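Following are the structures in question.
The same chain A turns up in both complexes below, where it pairs with chain B and then with chain C.
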Partner chain A sequence: MEGKQTHLAWIKDHSANLAAYGGVVFCVVFFTILTPMFGESIWSARKLETLMSNVIVTALMSVGAVFVYSLGNMDISIGRQVGLYATIMVVLGNSTGSLVVPILVCLLLSVVFAVINGATGEVLHIHPIIPSLVVMFVLTGVNSMLFVNMNTRNISLTSMGHEIFKSPILMLVVLVAEVLIVSYLFNFTKYGKYAKAIGANQVSAQQSGVNLIKYKVIAYIVMGVCVVVASVFQMGYTGAAADATGTGFEMNVMVALILGGMPLSGGMRSKVSCAVVGAFTFALLDVGLPMIGIAARNTYIIKAVIFLIVVLITCRKKDGVLPR
Partner chain B sequence: MENREVLFEVIHMHKAFGPTIALKDVSLKLFRGEIRGLVGENGSGKSTIMSIAAGMQPPSSGEMRFKGEPWSPAGMVQAQRGGIAMILQEANTIPGVSVAQNIFAGREDEFSRFGMVNMKKMYQAADRVLEKFGIAHIHSRDTIDKYNFEDRKLIEITRCVNDDTEILVVDETTTALSQQGREILYKLMHDMAERGKSVVFISHDIDEILLHCDVVTVLRDGDIIDHLSREAMNAPDAAKTIRYLMVGRDIGEKYYREDFTPSCQEEVALELKNISFGPIRDFSLQLHKGEIVGMGGLSGCGMHEIGRAAYGLERLEQGGVIRNGKEIKSPLQAIQSGIGYISKNRDTEALILNGSIGDNIVLPSLPSLEHGTFISPGAEHKLADREIEAFRIKCGSRKQYVSTLSGGNKQKVSFAKWSAKGSDVLIMDCPTRGVDVGVKQAMYSLIEEMKAQGKAILMISEELAELIGMADRLIILKDFQVTKTFQRSPDLKETDIIEYMV
Partner chain C sequence: MKKTLALILALAMALSCLAACGNPGSAGSEAPAPGTSEAGQNNPSGEDNGKILFMANLNAGPQYDAYLAYLDMVCGNLGYTYEVILGDESNDPAGNLTAVQNAMTNDVVGLIACQDGGLSEILAEYPDLYVAGFASDMASVYDEGGTNASVKDNDHFLGTVADQYVNGADVGQMYFDLVVEKGYKKVATICFPPFAYPQLAVADEVFRTLVEEYNQTADEPIEVVGEAEVLMFEPLSDAYFMEAERQDLDCIVAPLAGCTFVYPALKSAIASGTISADTKLLTSGFENDEDLLADFGDDGVITAICIMTPESILVPMVMLDNAIQGKPFADYTASEAVDSALYIIDSREDMDRVLSSSLLGTGDAANTAASWDAIQDLFTRNNESATYQGLKDFLYSDALTVDGLA
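On to the complex of A and B.
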């Protein structure tokens, strides 16, 4: 009986992880069994490539966003940042003939946005989502002005080939590298530990010697760098940028993290694995559902149902307060 | 005694939180017209029983009977409507709305017609309630945020108790109240008992229990150890007997410091130099190595703010906080120069409740565990385990969440943070708030040990007894000004001090 109780407690404690991992495992098993019946298996080389290209941008962004979400914050300027970075990479890439300069420029910009998004909330005592909303609007304006000036809605990289960015192997290598680096920062350095502490109790973190502004900004910088990496693949896959590039990406990140079991309030239960699990769950549904003959227009409903189930399990408050 | 009417009964109740057993097979009868004291160490299960009775959580097994009927409330509101109301230790009011809305939260229907709440009617009713309880200085139309902790506590009491209340549970409420507030509560408790209702009084203050209860039940480790009748409570060594029953061993007479000569080293460890901020003007204090400076007064006298300022948490208009010749302007600088701070708001400021014991203990020490940027989990675990062991924190492992610990064990975690960091100056704001005698005794000897090691301690407290018992020098504040400084002495009495406080 005792043993059973501890098992139950363990399951309760880990329900969020179980639901998230359960979701991705279920999708894998489900599509592995069903897709061959409809013709092509999801494990075919071609489909794996599709899957990888589908997951890479969201996964790269979400892994970095774990830092910001662990603060209990979210950044809704991500999508517009991707749009701007893609544009810069195409324009500067064409004029300089390489991607080195544009990537450096983007990294610099990402730090600027990180300072704005991370610090202003704390300094001006406003909800941290507000500065990111402002950045989003500003970037939307900047991006559309750029395209109006260029008199087009779509620009392409012409000075160099971009085939390399279509390689699923490269995608995998970069993703693995990013996950390893971010996991190290998140779990084995004070940057991640402080971010989690801030998310769990900002006042307590401050009284324990955490410089709130500094470590919030660092969390946003980690995310910003990851967004730049994601932008490289976003732009590189098509070799182009458009005025609509990146639109709605911040929602993809949010959905991926929630599907992966990330608590929206941040704190100690935040994990890098949430980003990877969530992004793959989402991409599996995206690629798999049409393969088993479900019309694209119906996939949203199915995704919504799955999303709802995961959220019901992971995001329910389970603070059974124990009286003293 | 047995022929009196049983109002409430707990039969073979069992409660477990995961692997932790909070109550084992407890049975308890509550009679009409009695004030029942419940005492026990933190985590003994005294609050757990009554929180189950008041509908805050279900039991793992066992049953309850209330007025002869089976009782299993689905929630606190239902229990309150049924007649069992519980007043808790921590604040439980709704911020941002009026006093009246707080008093009648969940009962808006009584003032509603066609779905619209008649606010005028509600304010009038609230004013009547406030007057009935003798706290007419609180106005029903004001927003609740205008009132301090004590007033909010009193408002909460008026919310819990109405004519239908049969059982009132007072859980550690008095620690938040001044003498005046306590009198209001005591009067309410005796009134209820006289009207044939029943009161359960949970407190760590044994003197208070002895003074007001008709019978005392002692719990230890989730078990009822004994009941003491009024006669037994009148015995001269009753307090000692109760302490013995609570702890399960003789904790001895030693409680506070036994020496009565003020002592400290020459060297100044921390200096507050003519600091001014908010209502505090030109306050100075020198804290020496090996010295315990006590700071006392009523809760609004400014002592808590001075404690915060000494840790760099307040923006000073004038003057400075100086340690080792350097000015302290932020908690980070304070920690780096070896200062630790234990906030009086344990659950909201001192600790990360939704974090493990280990994470909490090592948080201030992370910079010193770094090799380059790498913090080895092994080093973290070692440090956390060392402190858990040293403070004998009752827990399954360092991975257990702090939210699941009892009050005393939580407080041990907040001490352990600074012990792990090796801080030389400690600012402790109400370090023994909500902590039972056994843990209190342990904390006092710990503080004494720190003094012997040459650490400097600023002890801010609302309990005069512990200030007199521990401090080398005792500073009394009133209305943000120092009214008197006492040196440690065996003749120092609470009555000498109170006149400088009020």
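On to the complex of A and C.
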């Protein structure tokens, strides 16, 4: 009897993880069995490439966003940041013949945005989402002005080839490397531990001597660097940038993290794996559902229902407090 | 009690998801408006020639319903299935490519693309796929130095049908003719940004040039108020009408989806008394909202609507089928952007005719002027002597104009 109760308690405690990991495992098994019956396996080389291209940008951004979400914050300017970085990479790439300078410029900008988004909320005592909202509006305007001045809606990288960024192997290698680095920073350094501590209880963290502004800005910098890496693949995949590039990406990141079981309120239960699991679950649904005869436009409904189920399991308040 | 309430709310959310993804259908139409057709369904040919992807730039409304109804009819008779995929709403190259990748299955043989972003990447990734454009001038393909210029000479790219005219000068001329015909003397113009719709800027420029020429001999000149208002893909703001010089306009010329982007603000300004109740709208786009349709005609706010005849989607279907069957037109030498068939609806009688007798108005392919019997000989599989010129002649025939409606 006691053993049964222990098992139930364990399941209850780990319901978020079970839902998230169970979801991706279910998708893998489900599509592995069903897709060959419809003519092509989801593990065919072509579909694996599609899967990787679907997942890479969201996964790279989400992995970095774990730092910010673990604070209990979110940054809704990252989509527009991707748009700006992609534009800069194409424009400067074409003029310099290399991506080194544009990537450095983007990294510099990402630090600037990280300082604005990470510190402003704390300094001005406003909700941290507000600075990112302001940055989003500013970047939307900047990007729009750039394309108005260039008198076109999309631009191409013409000075060099970009096929390398279409390689699923490179995508996988970069993703694994980023996951390892961010996991190390998140789990084994004070930057990650303090970020989780701030998310769990900001007052306690501050009274324990944690410099809130410093560690919040560092969390945003980690995410900013990951957004730049994601932008390289976003731009590199088609060798192009458009005025709308990056639109809505912040929502993709949020959906991926929630699907992966990330507590929106941040805290000690935040994990880097949430980002990867969520991003792959979403991509598996995007690629797999049309393969089993479900029209692409109807996949939204299935994704919405799955999202709803996961949210109900992982994000509901317990004892009046959001999971953290 | 709380758990029951939570369960009910969760079910309500799930049901709202289902409702949101359901098909709204179309007013006045009994025809279904599906996003896909299954093999064997509405397939008199009994053949299975593969699937056509339709990367639409709309996902609802009477035009969309008309496209699908017509695709149902044509694909069924040719033995294809089709599937609607939604391209990136902002025409982002990566977004369009991803949309195609996700929908790509072994049986896909063709793509009708309403957006040009990422075309060169799509063709590079799927070199055996035949692609034809629709409702887009594919400026990035045909403009010098365009980002998809390499597509122009790809033998798997089969040209495009523009949304109305390829050349903005023709659009400017069309609206100028309407302004003169209606006798408007004080007008303003509204456009989308030139970097996204360069031909609209050309249309505006030509319109103004024609007005200047007209004024040199006219007893009562036409005044074009200010520069063209540029809408950044957002509806016209109410503030537009706060400027004194726009409060007594005879008409607004908006060669864009004005029923959606301009009409609400215009109607609101008239209702609030901010502007003259006699201000009219010449525009494009088509909605089957009853109030809006009741406001059409010389006694209403919208006095003319210029819109692509939905049967124009016949052109990409013919081009794709000929290519897939390996029977191209003998006189087809290179891909090109061509004008669409056009409805110029400029009277209440015209509108009534469109609403009652056309594919656009009813969403029913039984009401098309381009029935299967009328078009089957345009395909080389049915008629070896069919020609590209013959297809264009049919496209621009009276049958596909308002005058051609029963």
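What we mean here is this: the second predicted complex is superposed on the first by the 318 of 324 C-alpha atoms of A that agree within 3 Å, B and C clash if a C-alpha of one lies under 4 Å from a C-alpha of the other, contacts with A are read in each partner's own complex, and residues count from 1 in each chain.
FYI, a residue touches a chain if its C-beta (ideal position, glycine included) is under 8 Å from a C-beta of that chain, and two chains touch if they have at least 3 such contacts.
All figures in this text were calculated on a predicted structure; none of them were measured in a lab.
In the superposed model, A:Thr189 makes contact with chain B only, not with chain C. When the two complexes are overlaid on their common chain A, residue A:Gln206 makes contact with chain B while staying clear of chain C.
In the overlay built on the shared chain, the residue A:Ile155 is in contact with chain C alone; chain B does not reach it. Once chain A of one complex is fitted onto chain A of the other, the partner contacts of A:Ala295 are limited to chain C, with no touch recorded for chain B.
Of the two partner chains, chain C is the only one touched by A:Ser53; chain B is not. Annotation for chain A, partner touching more residues between chain B and chain C: C. No residue of chain A lies in contact with both chain B in one complex and chain C in the other.
Residues 38-40, 46, 50, 53-54, 144, 147-148, 150-156, 234, 237-240, 242-245, 247, 286-287, 290-291, 295-298, 300-301, 304-305, 308, 312 of chain A touch chain C in their complex.
By the touch criterion given at the top, residues 2, 5-6, 9, 188-191, 193-194, 196-197, 200-201, 203-211, 267-269, 319-324 of chain A touch chain B in their complex. On chain B, the positions that touch chain A within their shared complex are 16-19, 22, 42-43, 47-48, 51, 56-57, 88-89, 171-172, 311, 313, 330-332, 334-336, 341, 343, 348-356, 359, 363-364, 366-367, 370, 373-377, 403-407, 417, 434. Against chain A, in their complex, chain C makes its touches with residues 10, 13-14, 17-18, 20-21, 35-36, 59, 83-86, 88-95, 97-99, 101-107, 117-118, 121, 140, 147, 193-196, 198, 232.
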